[in-house]
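Labels run A, B and C following the written order; every chain starts at residue 1.
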C-alpha cells in the first residue's frame, strides 16, 4: 500500500509473562473497512485497544495519518469507538450523548445542535433526541453509540464487537446499517468480531487472528476460498475434510479410499505416500456428476436436513462424512437416506491443508 | 440506637418475582397476616398517631396549632432543633464525603482485593456500633485523659485542651457520629460506584474528554442522586440518635432527642402537648428525609440498571 | 495510574487510622486502671460486678424473647404474603420500614402515653407487663432487619413452587412449614436473629425510658460514675457486636443459593 492511513508496525504486547499480541503488522488504507476476526483470547481486542490508546504496546508503533501516535493518550487521537455494552452515559439524553464529543471540543451550541440532528437522521432515529438510554432497546442504544462516536468526525472508527450483545434479527439489520453509514462517510474502520459471518459480510479486508498473530490478511473472498492455514480454513466457514494419500506425486494423483482424483499443481512438494487433509466447502460439492467437475467419488446418503431454501445432505464416503448443500427444488424430491450416490467437485476447489 | 444499612431493601422490592394475581379470597386468608397487622397497628402506628394527634390538641382536647407554633416560638426548642439539624447536617455531609472517598479508593483505587473485602466487613460492623459504648471509646481517645490527647501533649507538645478543644461539644459529637456515618455511607454507596462502567470512561476518552471532563459530565452526575440520597439518610440516622449523645454529654447538650428524653422523664416543658409536638417535629424531619432518600434512590437505580 | 493508587492508599490509610485509633485507645485506656502498669483490673471489676451480671443476663433474656417474638411475627407473615397475598407486599414492606423512619424515642414515648397504668391495656402497670412492652418495642425496632432477612431467604428458595411440590406429595401444612420452609430459611432467620441480638443487647433509649434494669442503662450509669470500667465495657460491647456480625457473615456462606432463578 502506497500511503496507508493506519499503520501498525511490529506491535507486541505482553501482560506479565503472557504474550497476547506477537509481532503484529497491518496497513489500512483511507476509507477501508478492516475486520479483526478470531476466537476469544486471540488478541484482537487487545490489538484494538492498542490502536485506541488504552493499552501501550510493549514494542512497535502505531501511526495514524502518517503521525506516530504510540505515546498519545486516547483523548488526543481523534478516534471514535463503539463498545459491546453500548456504554452510553446514563445521565445524559440521546442528544447530549451524541453531543458529548462536540461539547468537549468546545463546538458552539448552534453548530453542535445541527450536527446532532444530522447524526440522528443518519442513524434513522430523528425523534429520539430527548430520550434517555434506559428508555431504548439494545439496537437503538448501539445506533446512538455509533452516532456519538461519529459526531466529532473522527478519522478512525473502532468497533469492539458492537453487535454481540444484540439478538439475531437486530444484529443483521444493524450490520448492514453500519456498513452503509461507513461507506457513505468514507471513514476508515477497524471492526473486531468473533463472528465470521459478520466479518465476511461487512469487510473490505479481514485479518484472521490466532494466538496473537495475524494468520491471514485478505479480502473476504480470499479468506473464504483460499485460506492459507488450517486454522483459517477451520475457523471461517464450514469445511469437509477428507483424508487422502498421495499415490503419484508427479501426476498429482491422490487416493481417497479406493478412488483416485487428480490434484495437479496443488501438492506443494508432497511426496508419494504422504497423507494429506483435503478440505472442501459444502457449496463446492455437487450431488451426482456435473459438467466441469473433474473429480468424482461414490458414497451413501447418511442424513438429509431440510432447511427451507437449501437442503443439506450428509454423504458417507468411506470413513469420512461430507456435507453438501443443494437448492430446494419443488419438482424433485429430496434424496433418501441409504441411497447410493456419486458426488463430484472441481479439483480447483480443493484446499490442501498442511 | 443501632443502625444497619437499608441498602438492600429496594433490591428486594425490585427483583421480587412476579406473582400470580390472587382472585377472590375468603376472609380466612387474612388470618395469616392478621397478627402482623394487629401488632403493627398497636405498637407502631397507633402510638405514633397518638402523639401526632396530641400535638394538635390542647389540654381540653380541642384541636389547635398552638403547640406547633410554640415549637418555633420557644427559644430553647428552636435552638435544640437548630443544634440537632447542625450536628446531623455536618455529620452526614462529612461522613458522606469521607465515605465516598473511601469507597472510591477501595473500588477504583487499584488496591488489593483484601482491602475491599475487609473494609466492607468492618463497615458492616462499625455502622452497627453506635450507642453508649461508642461514646466511651471516644472519651478514651479524645477526652482529657484520652490516648490521643495524651500523646499529642506529651510527645508532640500540643495541648489541644489548652487550645480550646473539648470533645464534649457539638463538634465532638460530630466526630463521634462519623464513626457510624462513614461506614454506613461506604456500605450504601459502594454498589453505586460498582455501577460505574469502565467503558464509560473509555468512551469519554475516545470522544476527546479529559479525566476531569469525564468526572464533571458523567461520574459526578451519575453518583449525585445516590450520594444526595445517602446524605439525607445519614442525616435522619443521626437526627434520631440519642444514646451516644446522652452517654457522651449527659443532658447538657441541647439537641431534640435529649430534650424529648427529658420531657418524657419529667415534663420539663410543663405542657404534655408541647412534648407531643416535639415528637411530631422529629417525625416530620426524619419522614421528609426518608421520602427524599427513596426519591433519589429510585432515580439512580433507573440509571444504573 | 501510579498517582491514583497513591491517593487510594492515602485515603484508605487515613480512614483506617480514624477507625482504629479509638479502638486502640479504648483498649489501652481499659488497661490503665492500676497506676503505673497495664492490667486487666477494669475487666475483673466489671465482670465481677453483680449489677453487670444481672443487667447483662436481663438483656440477653429480653433479646431471646425479642427474637422469638420477631420470628413468630415475621416468618408466617412473610411466607403468607409470598404465597397467597402478593398484592399486600408493598403495604407490609412499607410498615416494616417505618421503624427506620420514626425514631425509637418517639415510639417509646407513644407506648408510655398509650399503655400507662390507667389505660385499657395497662402494660406499664406491672413489672412483667413493662418487660413485655420492652420486648415488643425491641421487636418493632428489629422489624426492618428481621423482615428483610426472612423475605430475602424466602425469595431465594421460591416458596410457592416448594409449597406446591410438597402439597402434591401429600404434605399437610404443619409438615410444609416445619419440614420444608423453616429448614430452608433457617439461615436467613438466624442472620436476622443475630442482628436483632446486636441491636437489643446494649440498647439504651427504650430500656431507660421504661425503667428496666437492662445492660444499656447500666452502661450509661457506669459511664457517668467511673473512669476505666466504661472503656472495658466498650471493648466488651464491641466484641459482642463484632461476634454477631461475624456469625452473620459466616451464616451467609451456608445460605442456600437459588437453584431455579438468578438472585
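By definition in this document, a residue touches a chain if its C-beta (ideal position, glycine included) is under 8 Å from a C-beta of that chain, and two chains touch if they have at least 3 such contacts.
Please read all numbers here as calculations on a predicted model, not as lab measurements.
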Busiest interface, judged by C-beta pairs in contact, is B-C
Chain closest to the middle, measuring from C-alpha centroids that were averaged per chain: B
Could you tell me which chain lies farthest from chain B when each chain's centre is the average position of its Cα atoms? A
So how far apart, in whole Å, are chain A and chain B when each is placed at the average of its C-alpha atoms? 55
In whole angstrom, how far does the Cα centroid of chain B sit from the Cα centroid of chain C? 18
Between chain A and chain C, the Cα-mean centres are separated in Å by 59
Chain B contact footprint on chain A (complex, rising order): 52-54, 73-81, 83, 85, 87-92, 100-101, 103-105, 134, 145, 148-149, 152, 154, 158
Sites on chain B touched by chain A in the complex: 197, 199-200, 202-210, 213, 217-218, 221-222, 302-305
Can you list the chain B residues touching chain C in their complex? 1-4, 6, 8-9, 12-13, 15-17, 19-22, 25, 29, 32-33, 35-36, 39-40, 43-48, 50-51, 54, 98, 101-102, 104-106, 108-111, 115, 119, 121-122, 124-126, 128-129, 131-141, 145-148, 178-179, 182-183, 236, 239-240, 242-243, 246-247, 250, 257, 260-261, 264-265, 275, 279, 282-283, 286-287, 290
Would you tell me which residues of chain C are touching chain B in their complex? 1, 4-5, 7-9, 11-12, 15, 18-19, 21-26, 28-30, 72-74, 76-77, 80-82, 84-90, 92-93, 95, 97-114, 136-137, 139-141, 143-145, 148, 151-152, 155, 158, 160, 195, 198-199, 202-205, 209, 216, 219-220, 223-224, 227, 230-231, 233-234, 237-238, 241-242, 245, 249, 261, 263
